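Heads up, the next two complexes both have chain A, just with different partners, chain B and then chain C.
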Partner chain A sequence: MNLILPKIDLPDLLQSWRKKFTVFLPQKLERFSHFMPLDDANAEILEQPHNTRIPPKALFLPMTEALVKFTRFGTYDDAELEVSPRIVFGMRPCDAQAVQLLDTVFEQEQYTDPFWVKRQEKTIRIGLGCHVPCANGFCTTVGYGPFSKDGLDILLTDLGDSFLVEVLSESGKTLFENLHEASEELKNQAKEIQHKAHDAMPIAFETENLKEKIEQNFKSDYWDEVSRSCLGCGVCTFLCPTCFCFDIVDEVQRQERVRNWDSCMFRIYSLEASGHNPRPSRIERTRQRLSHKYAYWLDQIGLIGCTGCGRCVSYCPVGLDIRAMLRQAQSLPFEVSHAE
Partner chain B sequence: MPDINALKLEAKRILREGIVDVVVGFKPGDSPLHPQPAFFRNEDEVEELIHNGLCKNNLANYLTRLPKQEKVGILVRGCENRSVNSLIVESQKERDDLYLIGIPCEGIIDWRRIVEQAGEHISMVEDNESEVTVHAPTGVNSYNRFDLLHESCQRCLHRNPVSADTLIGDPVANGSLELATQKVKNFESQDIEARYAFFQKEAERCIRCYACREACPSCYCTECFVDHNTPRWTESGATPAGMQGWHIVRAFHQSGRCTSCGACERACPMDIKMTYLTEKLNHDMREKYNFECGMDAETKPPFQTVTLDDKNRFFVGGGK
Partner chain C sequence: MPNNSRSPYTPMPMRVLRAYYESTDRSLKTLELSFESSEDRKAFFAKFNPGQFCLLSVAGKGESALGVASAAWEGDFVRFTAQRMGTVTNALHALKAGDPIGMRGPLGNGFPLDDWKSKNLVIIGGGCAFSTLYALTKHVHHPDNRDDFGKITLVYGTRTSGLCMYKHDIASWHEREDMEIHQAIDVPEENWLHHVGYVPDVVKEVAPSPENAVAVVCGPPIMTKFTLPALLELGFAPEAIFTSLEKRMKCGLGKCGRCNLGHKYICKDGPVFSLAELNALPADL
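So, the complex of A and B:
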């Protein structure tokens, strides 16, 4: 189903959704954009060609949340999670794809994260395709694209004065009841914009055999080379839409067991109680970060664990660029393994 | 801007003559907005060396990260030179193991300001004395250089290296104390509620990635207080208490140890203002102790001048 939404009608539509939903959309916060709930003042719709600084994974996996509340008398209760129905408006396809990838982590058959699932169930995801390609993104390189539909209930294509609304799920349908069906002409126009955006994204590196090269060069000096200027901060992992590592801590004073974002780039991430650290330096930590995304994810679910949003490239304090690192990895030696 | 050929010649010379094992400088990144810190170990590698206004890191940071026994050549601007001195004072490196190539500094350009002005797709940035020319698909535009500078650089007091072994380029005019302290004075003039509101607004945007800590040459502790967990000293999460605790204690650990380089703010992915806190400490150090960090490689910061016979009773031999 393809509908047409004139941009002039969008503010009223967003407001009408607020009767039943909390509506999150990118709004200006200091010098960047951030997903925040819409209030009754009509928000300025940010038409920027790039992503929010913090990926919307934070709406499903908050930086900090209480899992259990306990008392000093040894009793405890699960933390209550109240999630009102939500709409996330203006998710970029790379971020929606990333949330879908994270479903495979938090919604496994054996282990299901009730917090994640509840937030997922209550959320309708409205995507906004990227008609202006971003400078540091590389979605097409890792198999996705600026108009990928995975993980979305609705995909919007910017046609100038209006959006083409592609309804991708039942829950998405109810939100756009009064819109007209798009004409063939507009549908074609949207297709053209989508193809053009896709073609404008250069291939940043080759992904063929990348996993094998990374795995077979586990002990290569390459890791030392690419990690030499790394500071060991958490920017790349915390701004990453697919990084999901967390740490569980008892905040005794608040009598809560909390879950915080954690990062494999931190020294204490892999520090063991004995004092031994299996990843003692930034070399091993950098190897872990790249290997996880470009090898271990493939082992686990057959997909690359990176959607090419480019945040790590844009905001690394020392200008380390995962695209350049992986191009360099492609020049590493490897042997083709012949499966029997 | 420094003469790049003169820089390369000097870097090559100190490597060739065995004065140092490695030269720490910058090399080009994939984007002209993001030059990368780089480590040059032979003359051929030095060909890659660059230095311009977009080189945003404080290279002194790497002195505590390179192998301790290595002799290090390092490109230093005013702030970096002072950071190096501060590390020598704190016994992190011997002066004899260092060779400082000094570069008078016109200030570091805030790449985010370029993106705000000219968009993300920047193909080239020409950094001239008073103007920065940016090449983007939308056109070629020039901007006033001072307007694009990072805030710490706009108010920088000591732009020339203070103890370099050699200086490449002519010294530039140093900043004025009035401009350097303006921000602190403005902040101080607000009432306590307004100051606390500002602190909250900034600190609580934090995602606790610790880029500010890792970018700071003075933050070299093996174990930071926030990483200590037996017992835990601060709240761990991205809660108001946790984030405020981090920001205030981080700043206080810099008393008399901060060179106003601004690397913390430049590294922050959330654009959090932090230097208003350290600038206040620096201001107090100047006013109360007549001390500025890193102006030489001998003078200890006032709060590090403890001796065992301190008059306070909690010191060994104290209370007499």
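So, the complex of A and C:
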């Protein structure tokens, strides 16, 4: 179903949703944009051709959250979590795709994460396709695209004065009840915009045999070369929409066991009680980051664990560029396996 | 209050039944825990298999992953032996009988006992990593299970005789006719009647037959590193050599990310792997 939403009607529509939902949308926060709840005053819709700094995964896996309440008498209870129905408006397709990838981690049959599931179930995701290519993104390179529909209930295409509203799920449908069906002309116009945007994204590196090259060169000097300028600050993983590692610590004053985002780029992440560290230097840690995204995810679910949002490129303080690292990886030697 | 619908991050309430030092230098302490809720107990033993581990929890201190050192038939309790290392294990050492404690588990796969039926077992342990092998040996010793397996050959090495765990039980195993036991210490001591030397060397000396046998190795990384090639040299196939791995863990559920070995998580897909499986994974240990 394709509907037309005039942009002039959007502020009122967003306000009307607030009766039943908490509406999150990107808003300006200092120099960056950030997903924040809409209130009466800030009905201004931020139109920008790029991503928020902190990915919307934070709405599903908060930077910090209590998992367990304990008492000093040694009793434990689940931490309470109330989630009101909510809408995330203006998610970029790369970020929506990333949340869908994370579903495979948190919604496994064996152990389901109740906190993740609760937030997922209460959330309607409205995506905004990227008609202007972003500088550091490479979504088409890793098999996704500026108008990917995965993980979205609604996909919006900017047509200038209006949005084309593509309804992708039943829960998304109820939000846009009074809109007119889009004319064939507008639908075609949207399609053209989508194709143009897709074609405008450059191919940043080749992904063919990349997994094999990374795996077979586990002990290569390549990892030393590409990690040499890394400071180990961890921003690439912290802002990555598909990174999900967390630490669990006890907050004694609050009597809560809390999980906090963690990063495989930190030394203590893998440091063991004996003093042994399987990843003692940034060489091994860089190898882990790249191998996880471009090899291990493929083994686990058959998809690259990177959606090409480009945040690790944009925010790296020393300008390390994963695209260049992977281009360089493509020149590594490898053998084709005939074991199939 | 029994609460079986708790989240996988919330520990179940347990109580310390017995707590005692395992080694003469007091670096190792054994805790035997009883269940506060009968539903938790039933759920635990319905899932439990030797080789699995649990996360022991001290409120305000955190959680530590420890291998289960008891067999199900021993009673309605679970045994762990903790080496005093950091914040949590120090807190565990301070516990005494009657104290409350939290526990999550059993976690991980455990030993593939069904695949080992009718085979001879070569059990090789070093130091405090022997705990899950102790659970395995106890499990196999039970009359109901004993006939499922062939001959047992046990090699257990520690740095000193004082660091040997479960001393009374192990002393009694020397009397058993259904198993061969080789104890070793690293440096000579007075009145020591068994082997002196490192575990890999003792394994070479004992030279267990690979015929219809599986070998299980649990020990410090340096011991494992030299024992695995020794077993290969004796003729054990990589598919018949098993080891239990350890890495830093937080959630124990395959979510927090830190114990990955290639695309596997040691907590969820392990901790028990065959050497054949390990050979297919990156050497990220």
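Here, the second predicted complex is superposed on the first by the 338 of 340 C-alpha atoms of A that agree within 3 Å, B and C clash if a C-alpha of one lies under 4 Å from a C-alpha of the other, contacts with A are read in each partner's own complex, and residues count from 1 in each chain.
The rule we apply is simple: a contact is a pair of C-beta atoms (placed from the backbone, for glycine too) under 8 Å apart; a residue touches a chain by one contact, two chains touch by 3 or more.
The structure displayed is predicted, hence computed values, not measured ones.
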item	value
When chain B and chain C are modelled together on chain A, clash or fit	fit
Chain B versus chain C as contact partner of A:F244, first or second or both or neither	second
Partner chain in contact with A:T75 - chain B first, chain C second, else both or neither	second
Partner chain(s) touched by A:L332 [first = chain B, second = chain C, both, neither]	neither
Which of chain B and chain C A:V117 touches, first, second, both or neither	neither
Which superposed partner A:L303 touches (first chain B, second chain C, both, neither)	neither
Contacts of A:M63 with chain B and chain C, given as first, second, both or neither	first
Touching partner for A:N136 - first (chain B), second (chain C), both, neither	first
From chain A, separation angle of chain B and chain C (C-alpha centres, steps of 10 degrees)	90
First, second, both or neither for A:L13, with chain B first and chain C second	neither
Overlay on shared chain A, then closest C-alpha pair between chain B and chain C (Å)	5
Intersection of chain A interface sets (partners chain B, chain C)	247, 249
Chain A contact footprint on chain B (complex, rising order)	29-31, 34-39, 56-57, 61-62, 112, 116, 120-122, 205, 207-211, 213-215, 227, 229, 232, 235-239, 242, 266-267, 269-271
For the chain A and chain C complex, residues of the former touching the latter	67-68, 70-78, 105-106, 108, 110-115, 215, 218, 244-250, 252, 255, 257, 259, 262, 264, 269-274, 276, 278-279, 284, 288, 291-292, 295-297, 299-300
Residues of chain C defined as touching chain A within the complex	3, 6-13, 57-63, 85-86, 89, 99-102, 221, 246-248, 250-251, 253-258, 260, 262-263, 268, 282-285
List of chain A residues in touch with chain B within their complex	29-32, 49-50, 53-54, 63-64, 134-136, 228-229, 231-235, 237-239, 247, 249, 251, 253-254, 258, 260-261, 263, 266-268, 313, 315-321, 323-324
